[in-house]
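Lettered A, B, C, D and E in written order, each chain numbered from 1.
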Amino acid sequence: MDISFVLIILLFGAAASYFVGDKWASKAALIFSTAAFAATAYLTYKYTGGASVSYIKTWVENPMIILGFQADSLSLTMLLLTTALTPIIILATFRNSINNSRTFYALILFMAFAMAGTFVSVDGFVYYIFWELSLIPIYFISLLWGNGDWESRKKAVVKFFIYTFAGSLFMLVAFIYLYQKGGNFLNTTLYRAILTDKEQFFIFLAFFLAYAIKIPIIPFHTWQANVYQKSPTAGTMLLSGIMLKMAIYSIIRWQLPIAPKPATEYMYVFVGLGIAGVIYGSILALKQTDIKKLLAYSSLAHVGLIAAGAYTLTLDGIRGAFLQMLAHGFVVVGLFYAAEIISRRYATGEISEMGGIRVQTPKFASMFMILVLASVAMPLTFNFIGEFELLYSMAQTHIWFAVIAGTTIILGAFYMLKMFQQVMLGEQNAKPFADVTFGEAFVFIAIIAVLIFFGIYPKPITEFITPELERLVRIINRFN
Amino acid sequence: MENILQQIGIENYIYLSTLLFCVGIFGVLYRRNAIVMFMSIEIMLNAVNLLLVAFSTYHQDATGQVFVFFSMAVAAAEVAVGLAILVAVYRNLNNIDIDNLKNLKG
Amino acid sequence: MDTNLALLLLFAPFAGFLLNVFFGKKLGKGASGTLGTLAVATSFVVTLTFFLQVINTGKPVMVDLFEWLTLANFNVNFGFQLDQLSLLWLMFVTGIGTLIHVYSISYMHDDENMHKFFAYLNLFIFFMITLVIGSNLLIMFIGWEGVGLCSYLLIGFWYKNQDYNDAAKKAFIMNRIGDLGFLIGIFIIGYLFHSLDYTTIATALSSGAEVDATWLSIAALCLFIGACGKSAQLPLYTWLPDAMAGPTPVSALIHAATMVTAGIFMVTRMNFLFNLTPDVQTVIAVVGAITSLIAAAIGLVQNDIKKVLAYSTVSQLGLMFLALGLGAYEIAVFHVITHAFFKACLFLGSGSVIHALHGEQDMRNMGGLKGVMKITYITFLISTLAISGLPPFSGFFSKDEILMTAFHQNKVLWVIGSLASIMTAFYMFRLLYLTFYKDFRGTEEQKHHLHESPGLITFPLIVLAILALVGGVISLPGNSWLNHYLAPVLAKPAHHHELDGTAYMLMGIAVVGALIGIGVAYSKYIKQSAVPAQDSEITGFAKVLYNKFYVDEIYTAIIVNPIYAIGSFFRDVTEAAFSGFIFGLGKVANMLGSEGKTLQTGSIGFYLFAFVLGICSIVVYIFLAK
Amino acid sequence: MLLTIFYILSAITLATAFLTILSKNPIHSAIYLVLCFFSIAGHYLMFNAQFLAIVHIIVYSGAIMILMLFTIMLMNLNKEDEKNKSMLSRIAAVVSFCLVAFVLLATFIKAQPTITEYAVSGKDYQSIKVLGQVLLNEYMLPFEFASVLLLVSMIGAVLLSKKQHINN
Amino acid sequence: MYTLIAIAGLGIICLIAEIFNLRKAIVPITILGLLGSLALTVPDFGHYYRYFNSMVITNNFSAAFSCLFIILTIFLIALTPDFHKEHKAKLSDFVAIKLFLLTGAIAMVCFGNLAMFFLGIEILSIALYVLAASQPKNLKSNEAGMKYFLMGAFASGFILFGIALIYGATGSFDTSVIYGKILENQPMPAWYFIGIVMMSIGLLFKIAAVPFHFWAPDVYEGSPALTTATMSTLTKVAAIAAFFKLMTSLNLTVPGTYITIISIVSILSMTVGNITALVQTNVKRMLAFSGISHAGFMLMVFFNPIETPGTLLYYTAAYAFAGIAAFAVILSVCGDKGNEEVYNFNGLGKRNPLMAAVLTCSLLSMAGIPIFSGFFAKFFLFNQVLSTGHVAIVIIAILNSIVSVGYYFKLILAMYTKEATSEVQPTPVMYTIVAVLSIALNIAMGLQPDFVLGLLKI
């Protein structure tokens, strides 16, 4: 059993969900995604035992393309994130009535497949294929099962698609260009490619465009809020929980090791952009009236911080980015799920029409509160670990980075608590709010358990990923 | 026997053919009557035929002239099909003014 | 053994929290309250064992659990350091905590969410213990943030009232501003020392390692900013008065006795650092002094009983920081302890009053309670005397020490501190007179229901009053047990003031000052039977004071509103611009497309013309252009 | 002598070609075109390519032009009722004629190699016999393939002109 | 060679079958016959044969493209009976013409002599003129036929002119002789190169490259949809393949300016095609413009002609299969609507999910999104071009790919987000089969690109 097995499970699951019909699709999807998680967990276990679980095979001779799925600690971690979040996301959709649900679940699993592939590919070209593949399902999920009227939804989703597609095409060119230097697309080869400063600069830029749009880093973020708002919550979760992590992971895995010189040279620019995103997203979040949009901008702020951390090129920054990526993945899924529960019951996303929910459902309120706290990086949650390392790395780079980026803990608390207050607190809402069901609570508890466990004891993860990260950081800093 | 081109010069034939070819082009552009446009195209083809024959002499080689036969066959076939299309157009429009065929655009 | 005990110390309240969260409702009110109280009491007992152990051995108990955070240059362990300082703190945290829990059983009995209240209180104790016993700055930060969270939860305990929620949010955010400072300080220290452990840093500093003095000062300043947030110093103090929105036991526990002293704890903890940064010490002293003066000034005219106490807390905290800034850590700690006793007592007393009046907090509607609420009155009186600094009450000793130190180091600060003390005496007696003396000014309905509070409420009052009375003995002038006890954790030897003439003179001045304050209050509120004017009638400087120098309004105007304005700008302008740019590209493409479409005229002539032109240009380019 | 004939023939060729295009009446155009073809046949004769000349006359003047004339008659186009193209397009036509003629001629003049001695193989290369041999030996396949071409055009012409019978 | 004969014979059999009232058998026989021809072609791989005095030369290149043409023709012929169900009497004609068209196309890739090439291209063109005008009652079809005929004949003139000049320069029509002359290193008369340019122009016209593209949208729109399918797949592929073969076999010593011209034409084609396609509302017209842009992409093979035959094959096959699939859907949707406006596709996602999915896939393939082979095609192409160092043109191509997503998605959006405006009609089985098969081939090529590329490995 190697890592391709997980991909096959997901792909097969997509097909199976489609063919079992609308009634059973959700269950099939849940089963297969859970199976994928189990398989990943088993593989991780095997990997920590020293076994190799990679899958390498030549696909195309000329140009040399290798169907390589490498399992190292980083990709396994991301794979775990993906396969852990997928069942949670699927579970989160259970209460909704979805038309044509078999297609819906098939697309979700297919997307999980594509994203998993992105995380584990070692061949730049295969990686790119998965990268692009993941766009198609989310396009349809957002388009067909989204909210709001057709026209605005279409506009938002098409813009998202073209925008991200545009960005990644430049990455493709960069890959092909690198191929000319190296003779294959394997990342190890590409790391070794000898590039002039100018070449590095343009390759870096091409990658940056792809990632900056996907993450998104300002000013490439304009697709985000609208798409998050218009997508069905499952889509938003996939986007914010996993998909944008693809880009951050890729920065660490591809962009920085391949072309580190511009990153070193213009570090202030890229870190600055990330930090600007923190401030910008936070301040914009303060002004949002739609809960999903607010969360979208908060996500913009958080990923800005993550990106900034990654671009500091320090071990702390990159590890922080990695940890925060995991943490943010969980917390944002939880938050969007909470938003979904509220807006489903109240049939609106407008914050002004909410309020007075805590009186009716203290359980939900507590769980939501914990997620809010995690999102503002309360210590003892996973997010704190990540944010601390990120900010620490920025402090090492330049103290003002840390100070400015650190305002996230203030502004984050500001908008999140403001939102929580307006949404949950206050006199009892006239509209009744049904208490959370077992399934809903289960999703929350699973997420919260992960967040708190790793908040208290992150060592398993840090120990797991650190050697690999150290290796990457050495590669990244090979010119200094 | 002397090569006829010794007296006239291959370049003259090239110029003539080229001019004739251009006259054909001119005809296609200038007229709106489809049948005259066909004729202009025939002029173009003939210009090339003339050139082929000239080169055939230039190289003292028969294949050039053989090629002219194919070219004639092609011309004949084209005219046949062209006229069939023309007739079809005429049946619909009652004229063969090419400027009436402007429905497909944009 | 130590490890297990330490864990018990820490997790007893946490267990209380969990049990109350999950089973509190089923257990019923009494049981859940008892559970919560027992949890804290357990911690207190454990603390006591450790306390005695440490007094005996003189060695701190160190507990290392596991590696928590991994950074490139160093690791942060989950470890505890139970030394003299932390145990002293724990003593009154868990001690007063237990008392307040007892108090709350009765006080919160009518609240439907009582189990939640106890859960939060237990959680608070848990975090407070974490804050105090952590062996490094980051563990302290956990507690630091955790107590902030609990403060948030408890201020907004009555969450149906959005004003309370606003207050809670404000507290949290203001704290977070300080927390950022704290974090930055941690970063710098981590960067400088490659460790966050107190012992390591202390060793590094004492061994005279090469450390950049500027960065050290910045770090110290940042830490102090953190302390400002938590301990409500200028300019971050505005949340504390608002925090009175929470139930009164909360005000007593969190916003008077324990949490707000975290800043003092932290500075004392890091005294070896602050000792090396005299500039920052000056800043601390000045900030503390000014805070104490301004808060006292505002306190002069407040009419809400809890607000007065809140400003008094801010003012007293200012005095403590003054002491810290002067390097007199042990004196600051002393004042923290005495303050904890009398301020907790005052708050609980006011809670008792509010309880009796069914939620009335405005002193203008009180008065004459002396007769009905004897125990409350007496305990309140003792505490008031203590805070006013009259001998032999505990406050006298601690405050006097501070002023004395100030006198020796900086006369201006001494003057400010003394002024603040005089004002304190005035407004505290104002409070006392308005509440307990003269006739009752409330409604008939209230008057009818006036009663002394039940035993569970008065018992803690009595205990605290006794402590407020005798608390001074732990550090008597000239023979201070406390100085002795704290010596191991302080880098510099304690200040020792000879009981010379100056000392007695200063004591005298302080007592006279306090008496003047009391006298003025007496003449105004007893002799003249004055009752503070209604809000609308307040004019002049009093109005400025009453409105707290308009600090909140200023903050709103220069910070909050601009942020919102920027937000609107971002939302309406930049977002539109970014978005418009992207859509604009699409529009341009479409426009070009429409242009291209018009080229497709449908005319064969034109097509052929283009064809010919194409040929010409190609031929020209290839063959003719050179 | 030959050169003179060449010039005369060329003049006739170009003139009739122009007249073909400029005549308003399609019948006149056709007749001028026939004349043009004859003059081209004259060129062929000058090259001593008698067979080709005859074939040329038979195919073009005899077949293609008759077909065209027939079509003109069939459609009653022997009137001068063609509306002129707009001035603009006529100017465009003239401009492009001048342009393309100039460009191509300039190219050829520039590219013209100076040939002083033309090859004389002395072999017979354009008698019927030789042409037949080349056509049916060497060029047998294209010859056959041309039949496919003619077949296509035949089917095509029929297909386009056949009366439409729905589902019959 | 035998393929050519077999297919021509098959055409005649079709015509005869009609005489003997075997109309029902025509299509099955033809398809079987074509499969047989395919089997005849396959053995050509790996060999180099000359037939009939080098009139026909078969090698890997010709065999591969012949196979592609045959497969495309099978699809096109399979679509014929349903498309022409109202004119059953003409079925044999249509089938026969398509078969002859195929012979022309095959001749264009396996010629050894310019005569064969010329005849091939003329057979192809004339057959298409007929097909374009094959609805004589329909004015649009007339117009399309007329435009195509006039312009096509005009372009043929240039090709012929070019051939004459090449003959004038070399004294032969035989490609290997011509090639030999070039290798002799004697100074060629400049006619030779002028001839090459003239022929290139004629072929650029056939593949509809800017500025010789104007006919394409009009003709695509006016022609019967099946003809459009033929034009946009088979014809375009044949033309570019012939162009490629011609250039590689004749054009060794091109001056740099020629490549410059090709790159300018390529850039113009991509850009004009894509940008104009953005504003189209007629699907066939849109695909015409998309075809123009693809022609621009295909022209990029000339940057590195020695290395790229495999890439060209891959690109054209990917494009053609996607095109066939798309047109099969278009036929089924717009079959009897009389127009191909985008709104006809509204709600197809609900009405006929399978066909909608096929069309989506084929459009995604054309847009170059993995794992469809269109993506790999672009990738291989870019790879080759970048290996010659032409970064700028790749960037422009990338920008164009981005633009192209815009209009491909317009159609997809129409299918999935709009409510149906017309009744559900049954889709002929054959359309479905062809659509699914051809998109399956497309995807299979994406999954196993090595197979196709390997056919033309040098």
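Keep this in mind: a residue touches a chain if its C-beta (ideal position, glycine included) is under 8 Å from a C-beta of that chain, and two chains touch if they have at least 3 such contacts.
If you want to know which protein each chain is, UniProt gives these names: A = NuoM family protein.
Quantities reported herein were computed from a predicted structural model and do not represent experimental measurements.
Any chain touching chain A (NuoM family protein) that also touches chain C appears here: E.
With steps allowed only between chains in touch, the distance from chain C over to chain E comes to 1. Connectivity of the assembly in the absence of chain A (NuoM family protein): the other chains, held in place, remain one touching piece. Set against the Cα centre of chain E, the chain with the most distant centre is C. Every chain gets a centre from its CA atoms, and the centre nearest the mean of all protein CA atoms is that of A.
Taking each chain's centre as the mean of its C-alpha atoms, the one that lies farthest from the centre of chain A (NuoM family protein) is D.
Here the chain pair with the top count of touching C-beta pairs is B-D.
Each chain gets a centre from the mean of its Cα atoms; for chain B and chain C, those two points are 98 Å apart. Put simply, the C-alpha centre of chain A (NuoM family protein) and that of chain B have 66 angstrom between them. We define each chain's centre as the mean of its Cα atoms; on that basis chain A (NuoM family protein) and chain E are separated by 43 Å. Here the spacing of chain C and chain D, counted between their Cα centres, is 103 Å. Of all residues in chain D, those touching 2 or more other chains are 85, 89, 92-93, 96, 100, 104, 107-108, 110-112, 138-139, 142, 146, 149, 152-153, 156-157, 160-161, listed in ascending order. Within chain A (NuoM family protein), residues 162 each touch two or more of the remaining chains. In chain E, the positions touching at least two other chains are 115, 119, 122, 126, 129-130, 133, 136-137, 145-147, 150, 154, 190-191, 194, 217-218, 280, 406.
Applying the touch definition to every pair of chains gives A-C, A-E, B-C, B-D, B-E, C-D, C-E, D-E.
The residues of chain E lying in touch with chain B in their complex are 114-115, 118-119, 122, 126, 129-130, 133, 136-137, 139-140, 142-147, 149-150, 153-154, 156-157, 160-161, 163-165, 167-168, 171-173, 191, 217-219, 221-222, 280, 285. Residue ranges of chain E in contact with chain A (NuoM family protein), taken from their complex: 349, 364, 369-371, 375, 379-380, 382-383, 386-387, 391, 394-395, 398, 401-402, 405-406, 409, 413, 416-418, 449-450, 453-454, 457.
Residues of chain B that touch chain D in their complex: 1-16, 18-27, 29-33, 35-36, 38-40, 42-43, 46, 49-50, 53-54, 56-63, 65-66, 68-70, 72-81, 83-88, 90, 96-97, 99.
Residues of chain D that touch chain E in their complex: 107-108, 110-113, 137-142, 145-146, 148-149, 151-153, 155-162, 164-168. Taken in their complex, chain C has these residues touching chain D: 603, 605-606, 609, 612-613, 615-616, 619-620, 623-624.
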